[in-house]
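Below you'll find the structures, each written out as structure tokens.
The following pair of complexes shares a single chain, chain A, combined with chain B in the former and chain C in the latter.
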Partner chain A sequence: MLEIFLIGALSAIGCGLTGPVLLLRRRVLLGDAVSHSVLAGIGIAFWIHPVVNSPWLRLGAALSGCCAAWVATKLTGILRGRADAALGLVFPLFFSIGALILAIKASNTHLDVDQVLSGNLESSWLERFRLGGTDLGPQAAWNMLLIVVALLAAGWIWWRDLQLYLFDPQQGQILGRPMAFLEILVVVATTSVIVFSFDAMGPILLVALLAGPGICAWFLTSQIGPFFLATVAAGLLSVLAGTGLACALDLNIAGSIGLAAFLIALGTLLMAPDHGMVFRLLQANRARIRFVARLLAVHICQHEIKGDQASENTRVGLRDHLKLSEKEVAAGALWLQARSLAVWENQILVSTHAGKIFAKSLAEGQDSTDGQMGGEIQRPASLM
Partner chain B sequence: MTTPDGAVLFACIGAGLLYGLLGSITHLRRQSLRGDVLAHSAWPGVLVAFAITGEKSPVVLALGAFVFSAGFGLVITWLERLFPRLKGDGAHALLLSGSFALGSVVWSLMQRHMEGLGQAGLKSFLLGQAAAVQWPDAWTLLGASMLAGLFVYSFRRDISGILFDRDHAFLLGQPTLAVEWILDLFLALGVVCGLQVVGMVVLSALLVALPLAVRPHTKSFGTFVLASTMLGGAIGFVTPWLVIFLESSFGHPGKGIPTGPIFVVMATLVAIASLFGPRFNNKSVATGIGVRR
Partner chain C sequence: MAKEPLPPAEAVVRLEDVTVAYGDRPALWDVDLEIPKGSLTAVVGPNGAGKTTLMKTMLGLLKPATGRIEILGESLAHSKGKVAFVPQRSSVDWDYPATVGDLALMGTHGSLPWWKPVGKEEKRRAREALEMVDLVGLADRPINQLSGGQQQRAFLARALSQDAPLLVLDEPFQGIDASTERAILDLFRNLRRMGRSLIVVHHDLHTVRDLFDFSVLLNVRVVAAGPTESTLNEENLRATYGPRLGLDPRRAPHGPYDGARP
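What follows is the complex of A and B.
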């Protein structure tokens, strides 16, 4: 159990280090695409050397995954940034070539295509890494550890260039930084994470760990360093929650880790500060109350000048005249009261001296914050 | 040379027409991978439908699949509107993995609680079984393409509005969100109709490759949609003949050549040839592919 968790955690770290790169380059589905493209390599390797479970299959898989990712990257350039179309064109081609070769050459051998799709974390610890007869733990964990160390080293060496590559590759090219090299590096790094982890996890858990934690982190921070750290942390949290859930209810481990990552990401979309849905609804509500309060301030002053405040500036009068609801009038008046711009006297809203100055500045359009208000009150419309 | 089976021929033509049409619109919405995502999200739907009814009839399973993939499609559209950061493929990847993880969890629950559960009817639902195509499958695909064609033709103004300038269309009072959601429903319908017949990979390949093959040659919305649809139909017509030709020249007895992968390879090769080959419309040479001048 601990070993399964270890494999999951290391994969989460690997995915956490590559996920943000894919997310920022808008290419998260590369995980899905590469894991389908692998079939071409498996097919060709099987054609040349028809033995199931040979290391040649693994090598062919890795090579064709890399090849597909590289072709997709090049094609994205040719299609002027249409990464979705490039991926969608490349991976079915590779998958079909593999399926054709296997159908012609290996139709009576048992090489299960379905198994590739679901992944099997439960049995991933069965393959051991042995050195001189001593058992040093599961092979999959050592593979992932190697990749994580390599990723950390590469990230440490090319940290500045990586930022340039992510946010402004043209600028990087002008500065003479190795952008083309970084592109290949990113392709190789992501593909190696994908290829090495997917026979343990399956492509779907892989996409879950690439997308879910990355999206979490993106809604929590706007800085690149914390982005990577938060992604790794969210990935580890998903693995922990997922394995716990799977143990408690006896579920498929890969599936429940994926589900945990998905739910954590959805929770972040709801609750995140600044970008989350709840926060934005609250903000929209606040902006609406502020707008109503300003409307009220100007309106009551105008009626005070006319002298008919006794009939107009009541709750009912304001409600009917400005076509507001009772609640909105109350909230707007509260806003004014809190800033001592107006007070209720005998059920009539009366503006104070400060309130009159405020209303005058609003009516004359001198309020500096007035220009921003249009932007704020549009929020509710875009939320619908 | 023998002729191909009629059901297979018409199913291929129907699939080509349907995915050429739907693909041209998903391409212009910059969401080429949505078909793939919706196909994956049908998986928990199939399982839930089977768990509730205990039947493996294609209609029940298709209904479950449609409910789930339509639901996930609508959620993707809504999330992308709500959170601009999820544009590109963030929302797609999130819901793809979420739905498939849900499917695996439901599957492991079912394996524990339901007796005598064979994988047979359920997995082939996802991967397609082109060899066992019947006439009803062909009629379903042709009918779905007719329906989608009718919708696209009658709402062509609203659709081109949301494709090219959504804010302007919104200001003109066109029902942008409603049309987007109906388009999502049609894509889900198309995906579910084709899932059992051609399978997930063929379907997502056609959705991407057919519009890409046509895109360099035209700048008009109507021509683009029509040409992509017709190209799909033409490739669908050629594929079964090609399969028979290949089987008679290279096939071994007892080892058939599968139709699906040949369909994919054909469509992809046409797309690549048209991307790198000469253009029919000389005006679009300078502007390249997929960008406005």
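What follows is the complex of A and C.
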């Protein structure tokens, strides 16, 4: 169990380190395309050297993944930037080549398309890494560890170049940085992560771990370093929650992790501070109340000057004349009351001295936008 | 070809016989050009005149088919980092996770080997750049929360922190309000006073005379280049934009450009 979690966690870290790059370059589906395109390499390698579990299969997968990414990139250029169309053309081609070869050549082995598609985390620990007879743990974990270390090293070396590449590659070129090399590096890194976590995860889960955690980071941070960290953290959380879920309910682990990744992304999208949808709704609501309060402050002062406040500045009068709901009138009045700018007296909203100054400053186009009545408003009061 | 005699000052950019072609279609044809050091230069010309191509060639982004380019007396290949560029705001995705301070720091990314972390010197350069564009107060603000004018200033800060002697700007006044435009202009003049050179691709012919001391009129060939005062005359403009310019009310609401400003 622990080993399965370890394999999943390392894959999540690998995806967490490459996912942001794909996300920020708007190429998340490249991950999907590459993960399906590896089938062509697996098929061709198996044709040449028909042994399941041979390293040749992995090499073939890696080569065809890189090849598909390269063809898709070139095709995107030919199609004038239509990356979706290019991917749509390339990945079914590679996938069907692989599927055809395997159907012909591997129909009687257990290397089947179904397994390639869904992945099999449950049995991924079966293949062991042995050194001189000692069992050092699952091969898949060691593979992923190697990839993660390589990714971290590359990220450390090209950290600043990566930022240029992600934000403005042309600027990187002007500064004399190796942007073309980084383009290749990104494809190779993505393909390596996919190829080495592929048999454990399957392409569907891979895309979930490439996209979901990155989306969490998108809502949580606005700096690139924390963006990567948040992605890795959300990926690990997805694996932890998914494995837990699978154990508790006896489900397919890969599917559970995919579900967990989605739920975590959804939760972040809703609940994230500053950018989350709940926060935005609350903020819009607050902004509306502040606006209504200002509307009320100016309106009641005007009618107090006219002298018809008894009919105008009642709940009903304010509601009908300002085209507000009763709730809004109540909330706006409460906002003013809380700041001692107005009080209810005999069902009439009456502005205080500070409220009159506030309304005057609003009419003159001055506004303290933070909603706190600071010194600005009070100062003229003390001068009088 | 009405070419003014070049001032004796040292050139910040020198192009000799530069031709740039896309396939077999030349976008710049046999360009000889010297832009004096410390000048505030406008590059004007109709659409398709090769303004962007000229800019990209000077930045080393396009390889000319023939000719040679020198930046401050050195060939372009040896001048990495000596030319800073302020692209149009729309050329990047402003949802990228970075703060204004991060953006300003990006201009220094070319000057450090990978094993060295960003040091005091880089931070100082970024901070000074932010001070010059008056964005220090917004250093911690995410770039996706900036207004158009602030984005333009943030881009300027990135270019300034590069500490390059030559700045190339692609239509920096597009879509910004009058007060930001004034602020940016003041900055340009300050930079010129500090000895930096600026080359600006500019669309608004009306303001060239007010803002720039050196002008390049481009239409695939260099039609004219020289001090704005003597270069930006009706004859040269007709040669650049075609004979209909004076009649086009959209382009020239105040009549021909042959003397005093309207």
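Basically, the second predicted complex is superposed on the first by the 333 of 384 C-alpha atoms of A that agree within 3 Å, B and C clash if a C-alpha of one lies under 4 Å from a C-alpha of the other, contacts with A are read in each partner's own complex, and residues count from 1 in each chain.
Throughout what follows, contacts are C-beta pairs under 8 Å (C-beta built on N, C-alpha and C of every residue); 3 or more make two chains touch, one makes a residue touch a chain.
Values in this document were obtained by computation on a predicted structure and should not be read as measured data.
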item: Touching partner for A:Ala208 - first (chain B), second (chain C), both, neither; value: first
item: Chain B versus chain C as contact partner of A:Leu166, first or second or both or neither; value: second
item: Partner chain(s) touched by A:Arg82 [first = chain B, second = chain C, both, neither]; value: first
item: Which superposed partner A:Trp158 touches (first chain B, second chain C, both, neither); value: second
item: First (chain B), second (chain C), both or neither touched by A:Val21; value: neither
item: Contacts of A:Val329 with chain B and chain C, given as first, second, both or neither; value: neither
item: Partner contacting more residues of chain A (chain B vs chain C); value: B
item: Partner chain(s) touched by A:Ala99 [first = chain B, second = chain C, both, neither]; value: first
item: On chain A, the residue positions that both chain B and chain C contact, one per complex; value: 26, 218
item: Sites on chain A touched by chain B in the complex; value: 23, 26-29, 31-32, 36, 78-80, 82-85, 87-89, 92-93, 95-97, 99-100, 103-104, 107, 113-114, 118, 204-205, 207-208, 210-212, 215, 218-219, 250-252, 254-259, 261-263, 265-266, 269, 275, 277, 382-383
item: Touching residues (chain side chain A, partner chain C) in the complex; value: 24, 26, 156-161, 163-164, 166-168, 170-177, 217-218, 221-224, 226-227
item: Complex contacts: residues of chain B adjacent to chain A; value: 27, 30-33, 36, 40, 79, 81-83, 85-90, 92-94, 96-98, 100-105, 107-109, 112, 119, 123, 127, 201-202, 204-205, 207-209, 212, 250-252, 255-258, 260-262, 264-265, 268, 271-272, 275, 288-291
item: Chain A-facing residues of chain C, complex; value: 59-61, 80-81, 83-85, 87, 91-93, 96-99, 102-103, 106, 109-110, 112, 114, 118, 142-144, 158, 162
